[in-house]
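Okay, so chain A shows up in both of these, paired with chain B first and chain C after.
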Partner chain A sequence: MSLPKRILKETERLRNDPAPGITAVPHEDNVRYFDVTVEGPDGSPFAGGNFHLELFLPEEYPMAPPKVRFLTKIYHPNIDKLGRICLDILKDKWSPALQIRTVLLSVQALLSSPNPDDPLATDVAKHYKEDLPGAQEISREWTEKFAAK
Partner chain B sequence: MGKRSRTLSTTSDIDNNHHPRKRSAHSPVNLPTPTSTKQMSDDAMSDYYSDEEMEYNYSDADQDVDDVENEEEEDYAQFTPALPAKKALAWDVEYDSVEPDQLREIVTKDVDHVAGIFGVEPEIARALLRHYKWNKERLIEQYMDSPERVLASAGLPIQLGTFYPSTSRTPAKAKPTPRSKTFSCPICASTQPIDMAMALPCGHTFCSECWEMYLVSKIKDEGECDVRCMEEGCAMRIPTAWVTKLLDKSTFERYQELLLAAYVADNKNIRFCPFPSCDLAVITPNFSPTASALSTTVPTVHCGHNHTFCFGCGEQQDHRPLICAVVKMWLRKCADDSETANWIKSNTKECPKCVSTIEKNGGCNHMTCKKCKHEFCWVCMGPWTEHGTAWYNCNRYDEKAGVDARDAQSRSRASLERYLHYYNRFANHEQSARLDRELYAKTEKKMEEMQIASELTWIEVQFAKRAVDELVRCRTTLKWTYAMAFYLEKNNETIMFEDNQRDLERAVEELSELLESPIEPATISELRSKMTNLTVYVQKRNEIMLNDTAQKYQDSAWIWNVSVPEF
Partner chain C sequence: MAVVPRNFRLLEELEKGEKGIGDGSCSYGLEDSDDITMSYWNGTIIGPGHTVHENRIYSLKIHCDEAYPDSPPRISFVSRVNLPFVAANGQVEAGKIGVLAHWRRNYTIENVLVEMRKEMASPNNRKLPQPSEGSTY
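== the complex of A and B ==
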């Protein structure tokens, strides 16, 4: 069984048939480390932003999930100051049948539908729960300030 | 109390003084056997049995002891003096110590029972029970209602028998095109011969190597024994047959451990012995450590290797009479305040008279300065002469002195001093118990030497061992009474509590002091009788202390000076 084969195949597909609004390019010196960009989904406070992330495939991949982190500052209840993401498929709901592509699509979907009931950034989650329009306004401001294309 | 022969039943009575009502079903706690016993030949044994020295008579114990009979099956413990049988303490819970194999048998019995009722393979029953957290009643009720729903929720195929427990190496529903001799595994992206494909009843097909890696990572890295299908969102359970087939020996052993651990975790009446590298478990058939039960009792148990621990919180000691929730508070406080308390814990202090450094080297609090011969109390540093028989004054936090202290100093200082007062005594008994043990080791060695030079035998040392065991036990009680006193609201109950504490403490220190006295062949007989009597007395005081606190828990008579969270 050659695991890198799966990584190569995934990389190839990400290049030839990219998911809309998502790019993932491996480093030349480390094929397990990807520079990722995700476009903020339309209709969300993150629309118009271009968010940078890093993605790393650990030795155990695909038995263990990839490690994904936002590098662009973002005001979101499930993403903390360090850019760590609270997403079930990156933790206990991981399945080896999932791929880099599906992971990044899930991250993009998280931008469309924040879940303040399962918060990672508790202060942001509180803001989202108590004053949704106000919180979304901050998210928009941050998107303009930090994620402008 | 009438006559009592020193037979095995006596032995178990002695044993039962400390853990009464322990059942013997699963070879419970054995008394520790000294290595010297094991080394003795049968002939030597019978010599000891007929030894005149074996006839003890204890006025305090209020009983006679018959001559020892020459019974081969009797074990060494009978040589320890018989003590009065005790009523069961209010704390005691009924329990068994079980070996991993016995535990597996218990699990198998549960599994077979359910398998019999449902008419399914044991593996299915086991998976169902695990899914229902071993709540047999609820499982049976819901299965009778709708087996399909129950099976599906547990990640089992509805059509049983087509899959479980047989090992299927060919896909249940072949995904690849029928003519294909190869298939492409979506996990590793490799093309492989079709017979490398393995599918669960859900139809999800992956190569055997991927299944194996997946199982190993779930079991070894994540400690998970309920492994589901690799496909995202699919709950189908992987059969044990696959686990057996695909895994190496060490991973399979880990899997078995996890299965057992899951059973124990789901079962409130079972707890693994918390001592490192001990694989025994303790079962309490009639006791569940609920928050309300643990607010009035401390379920101290002993595993078959004689490790003492609390069935409620897993603390590796007998923390009676203080309940788990308060023990937790106290230990956290001690950890937080360790900096301030450190100086008190240290083994050295200065002589109050000549200020030369003195090291405490025995459990006894009666100190004599080597330099100026000044005698003082280690606990309060006051002169020993003032203590005399009333030395126990230092078990109380002197309210009057406390008031003065509050006048002179800030309130926070007073509260720290109050804490240090109790902590000092708590730590002192902890340290003394250790020193008593060390002292005993020295004594035993000395006695072994004397045994060679004289007619004395290893038996002579047993009374000292009993004394030390009792000392350590009572110091443990005393230790926790100080933590308890720290949290108790002052009232009539606490006055009585402190009286009992003082009586126990005095007896303990007296016995501790006796243990320090020189052992000479000429006086050993006298020393033995003195020490044995005192041991009996100390044990009695300990029991009074524990019985009284237990009773007042039952009567909800203890009032804490802080709010105690539910455990």
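== the complex of A and C ==
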């Protein structure tokens, strides 16, 4: 299977010059499929957690966005129970100028700034809107329980 | 061609199943909406019209293990049914139904349900005597 040069270059850079707190390693048997870890950002309820994700570059990449999903359970208004992520650049705001690295940095940024007005997990979003400290406490508990390093 | 990994394939199937497929005669969804591994699914087949299955609703369990979709899902009927490809315990015998016997990676849960429904309406099966409606394994 021939792999577009762009994907090879991105993979190389992810290995040689990784973004802080982020790893992305392609599977041996599928070079378009990455094992990803993202550290919870400092100052967020997810700090101290190491979150596992999976990322897949579809045939149309980079004309179509990568597909990304959390494998670690997380209490966040924009991430649902199956780990699906509501993030505009993974949907209609995708641009081929973006990369795996920028996508994962955006995912990490989403952990710092949840957006309960554009929720995927509606019950979590409601909690975040009505009782922010209480909701953040649950996010912290889940981080300790499911994302401990 | 890019090979879609199991989990992203199942997410696609889930999204399609949530929207509802075709004429609604077959449907499927996760057994537990919390199941991050997406291994256990429920399926429903509405019995085809003008057969003994008319107006019956058949529930099924579908198991997509780690090898899916390289290997076919394992399927069993929850509702009792008399069909040549369903064993006495409700398990679908993969060797007796084309879509499972000649499984290909691009086949889906939907394909399996639709083919089984088609089999229910085949000349050999449409008039088979059936267990009482609503009984389960």
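In this section, the second predicted complex is superposed on the first by the 146 of 149 C-alpha atoms of A that agree within 3 Å, B and C clash if a C-alpha of one lies under 4 Å from a C-alpha of the other, contacts with A are read in each partner's own complex, and residues count from 1 in each chain.
As a convention for this text, a contact is a pair of C-beta atoms (placed from the backbone, for glycine too) under 8 Å apart; a residue touches a chain by one contact, two chains touch by 3 or more.
Computed from a prediction, not measured in an experiment: that's the story for all the values here.
After superposition on chain A, the partners chain B and chain C are accommodated together without colliding.
Contacts of A:56 after superposition: chain C is touched, whereas chain B is not reached. In the superposed model, A:96 makes contact with chain B only, not with chain C. Residue contacts after overlaying the shared chain place A:82 against chain C, while chain B stays out of touching range. In the superposed model, A:32 lies in contact with chain C only, and not with chain B. In the superposition on chain A, A:71 makes contact with chain C only, while chain B stays out of contact range. When the shared chain is aligned, chain B comes close enough to touch A:5, but chain C does not. Using CA centres, the angle subtended at chain A by chain B and chain C is 50 degrees, rounded to a multiple of 10. Taking the two complexes aligned on chain A, the least Cα distance separating chain B from chain C is 8 Å. Common to the chain B and chain C interfaces on chain A are residues 1. The touching residues of chain C, when paired with chain A in their complex, are 1-5, 7-8, 11, 14, 33-36, 38. Listed in rising order, the residues of chain A touching chain C in the complex are 1, 27, 30, 32-33, 54, 56-59, 61, 67, 69, 71, 73, 81-84. For chain B in complex with chain A, the residues that touch the partner chain are 186-190, 204, 207, 209-210, 213-214, 217, 221, 230-234. Contacts from chain A toward chain B in the complex involve residues 1-3, 5-6, 8-10, 60, 62-64, 89, 93, 95-98, 102.
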